[in-house]
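As structure tokens, here come the structures.
Two complexes come next, and they have one chain in common, chain A, joined by chain B in the first and chain C in the second.
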Partner chain A sequence: MAYFVLLLGVGFVLGGLAVASNPSPYYGVVGLVLGSVVGCGLLVSLGVPFVALVLFMVYLGGMLVVFVYSVCMAADPFPETWGDWRVLGYGVVMVLMLIVGVVFVGVECWKTWVVTVDSGSIFVGRLDFSGVAMFYSLGAGMFLAAGWGLLLTLFVVLELVRGLSCGAIRAV
Partner chain B sequence: MSPHTKLLTSLSLTLGTTITISSTHWLMAWAGPELNTLAIIPYTSKSHHPRSIEAAIKYFLVQATASTLLLFSSMTNAWATGQWDITQLTHPTSSLLLTVAIAMKLGLVPFHFWFPEVMQGSPLITAMLLSTMMKFPPTILLLMTSHSLNPTLLTILAVASVTIGGWMGLNQTQLRKILAFSSIAHLGWLAAVIIYSPKLALLIFYLYTLMTITVFLTLNSTKALKLPTLMTSWTKNLSLNAILMLTLLSLAGLPPLTGFLPKWLTIQELTKQEMAATATALAILSLLGLFFYLRLAYYSTITLPPNSTNHMKHWHFTKPTNTTTAILATLSMLTLPLSPLILAIT
Partner chain C sequence: MSLLHLSFYSSFILSCLGLAFHRTHLISALLCLESMMLSIFIALTILPIEAQTPSTTLTPVFILAFSACEAGTGLAILVASTRTHGSDHLHNLNLLQC
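So, the complex of A and B:
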């Protein structure tokens, strides 16, 4: 089980690598999807499956979909691919940097331990569900602040893309 | 910009600042700057010019990265110590990461490269907000964690900021970029003394804000954006032009104007902490800034431009005096004699 968690961790790093070395946003989202899927697996291994499901729903099902729509409007029509030599070289250099980092930090970090974020033996409820319940009871102020932030984001985005040619960058 | 957007964004600016300065949990201290960043983006890109949009994008990317680093440092601290209190940032990695994150938000060297370009791409009043109000929450976060920060890192950031702020401002003719570099230099002075005397750092910030707002409001009344425009501003508002000269010299830190007070008290505090070499270095490197402030003051008041107007008065009628500018200008020039009172209050 610990090795599976290690595999998920490696997948996370590879997903981040894919996003960082992407030649075009179309290929970058592949890395994002990989990273978020294995990230959800890591959250399950930590003991908070509800948060993982929420991440799936909101990140992959909401934000990524909107991102793909906006990328369709603005990205270049003939992008470079993974197979181009410059992109491949870029990715190889990043893997080399990762290896150098591991060598510097020491191989200790590859020894895995499985940690769970439980509520210990004091609480009865699970941490993730009771956290959401807290949102509606003690944490109502934070809930309002989060809702205000979302409303603000909506208005800011609408203001930024208002107008066909005098808005932000558009290919269409 | 639609009135609804204006209302929402201006309310969010105040809400974000208030949330940050009144927070005890790191999550709210992260949410506040995020609200601020989002709210000021439409103001930065208001004119929809490519330069403004690029400035908005740069601002958003840099501030989002800094907020991520902030969250990462708080989470590392929570993992190591089990609590999210802002004043209990005991894990050393967390405090280093936090210093870097706040330096990115404030525009301290070596994370300053975004600041002049973002200021240049924004309208004058937005540039004023960017350099005063948007610096307030990160300064307060530094203040709240000042007892757990690394002194060496902060001193390096401070001396480098004063150097780069003075040096890079020398070759500029655009006023917003000059004021950006002035901001970097002043925040360097703030970072030098924040560990030893957080109240003095707050005083530095307040006086810097006062003087900067005065300069921006003065420039806004004549819509002067670059040095050649400043040279003919004496025809538009003669007394305000003279006051601009004195306010610029106050920003430079010349006695007997107000801007001398923060520098004086900082040098005193650093000397008390056995850091006389740092104090001397900061004082000498501020001379670089003095040169471009002097150049601005000289070109706006003492020189007649080669394309001078034939008539002493401009073609439009004299604008009525703006009360706010007058009051702020008086405060930013003449409050040095009140320094015992200021020291007693802060």
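So, the complex of A and C:
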């Protein structure tokens, strides 16, 4: 069962590689969707389904949807694909740099076990539910800070895209 | 480093390299930033699992909220530069005129 978690880890790395070596933003979004789906599967296998659902809803259902229609605005009508030799060259060079770095740091390949939520003992009150619920009790200050930051970002975005003659970014 | 830590470490490094070597589009760099944030989220979620401390589960949710702010701001900059330069190609962003 631990090997399944490590397989999901390999899928996560492949998603990151797909985003990094993207020939066109369309394929980068595919890699990001793959990475987030596999990352959610990883978190569910480790025993924290609530945080995985938060990731699905906020990241995949909120942020990536906004990215998808921005990509539709900003990308080419005739994109490159992964069959081009330049894109493959980029991917191979990045993987080689990663392997050099990892060999430098050193990986203990015999540690194929995975620590899950139930490694200590079995709990009735689950770790992720009771942890995130602290946003409403002891972490109320963090909650208010995050809400204030999100409200501020709304006004920042409205100022940046206002346009006409008094917007924030003008090249003329 | 255990093998599970190697997976999000590798994904973070690959996304950093993708951000450094981005080629044509500004939005490719923004996608690499999002991938970096995703690997940071997974790493911060593995912390409460391995240390068995529920209160550190707040950290990934908090950072997800601020990453949504950052993604929105980056996309607003992308829209503004597409509106003035006509596309989001990076070789068009040259105020230096050289």
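Quick note on the criterion: the second predicted complex is superposed on the first by the 142 of 172 C-alpha atoms of A that agree within 3 Å, B and C clash if a C-alpha of one lies under 4 Å from a C-alpha of the other, contacts with A are read in each partner's own complex, and residues count from 1 in each chain.
In this section, a residue touches a chain if its C-beta (ideal position, glycine included) is under 8 Å from a C-beta of that chain, and two chains touch if they have at least 3 such contacts.
For clarity, every value in this text was computed on a predicted model and none was experimentally measured.
Trainee: One more residue to check, A:V66. First (chain B), second (chain C), both or neither?
Mentor: The answer is second: A:V66 touches chain C but not chain B.
Trainee: Residues of chain A touched by chain B versus by chain C: which partner has the larger set?
Mentor: Counting contacted residues of chain A, the larger count belongs to C.
Trainee: Once the structures are superposed on A, label A:M142 by its partner contacts, choosing first (chain B), second (chain C), both or neither.
Mentor: A:M142 contacts both chain B and chain C.
Trainee: Quick check on the superposed pair: does A:T153 touch chain B, chain C, both, or neither? Answer first, second, both or neither.
Mentor: both
Trainee: Just which bits of chain A does chain B share with chain C as contact spots?
Mentor: Dual-contact residues (chain A): 142, 146, 149, 152-153, 156, 160, 163, 167-169.
Trainee: Can you tell me which positions in chain B touch chain A when the two form their complex?
Mentor: 1-2, 4-5, 8-9, 12, 15, 19, 27-28, 31, 34-35, 38-39, 41-42, 45, 48, 53, 56
Trainee: Write out the stretch or stretches of chain A touching chain B in their complex.
Mentor: Its residues touching chain B are 142, 145-146, 148-149, 151-153, 155-156, 158-160, 163, 166-169.
Trainee: Please name which positions on chain C make contact with chain A in the complex.
Mentor: Touch residues, chain C against chain A: 1-4, 6-15, 17-19, 21, 23, 25-28, 30-32, 34-35, 38-39, 41-42, 45-46, 48-50, 52, 54-58, 60-62, 64-69, 71-73, 75-85, 87-88, 95.
Trainee: Using the touch definition up top, name the residues of chain A that touch chain C in the complex.
Mentor: Within the complex, chain A touches chain C at residues 5-6, 9-10, 12-13, 15-17, 19-22, 24-25, 28-29, 31-32, 35-36, 39, 42-43, 46-48, 51, 54-55, 58-59, 62-64, 66-67, 70-71, 73-75, 90, 94-95, 97-98, 101-102, 105-109, 111-117, 119-120, 127-128, 130-132, 134-135, 138-139, 142, 146, 149-150, 152-153, 156-157, 160-161, 163, 167-172.
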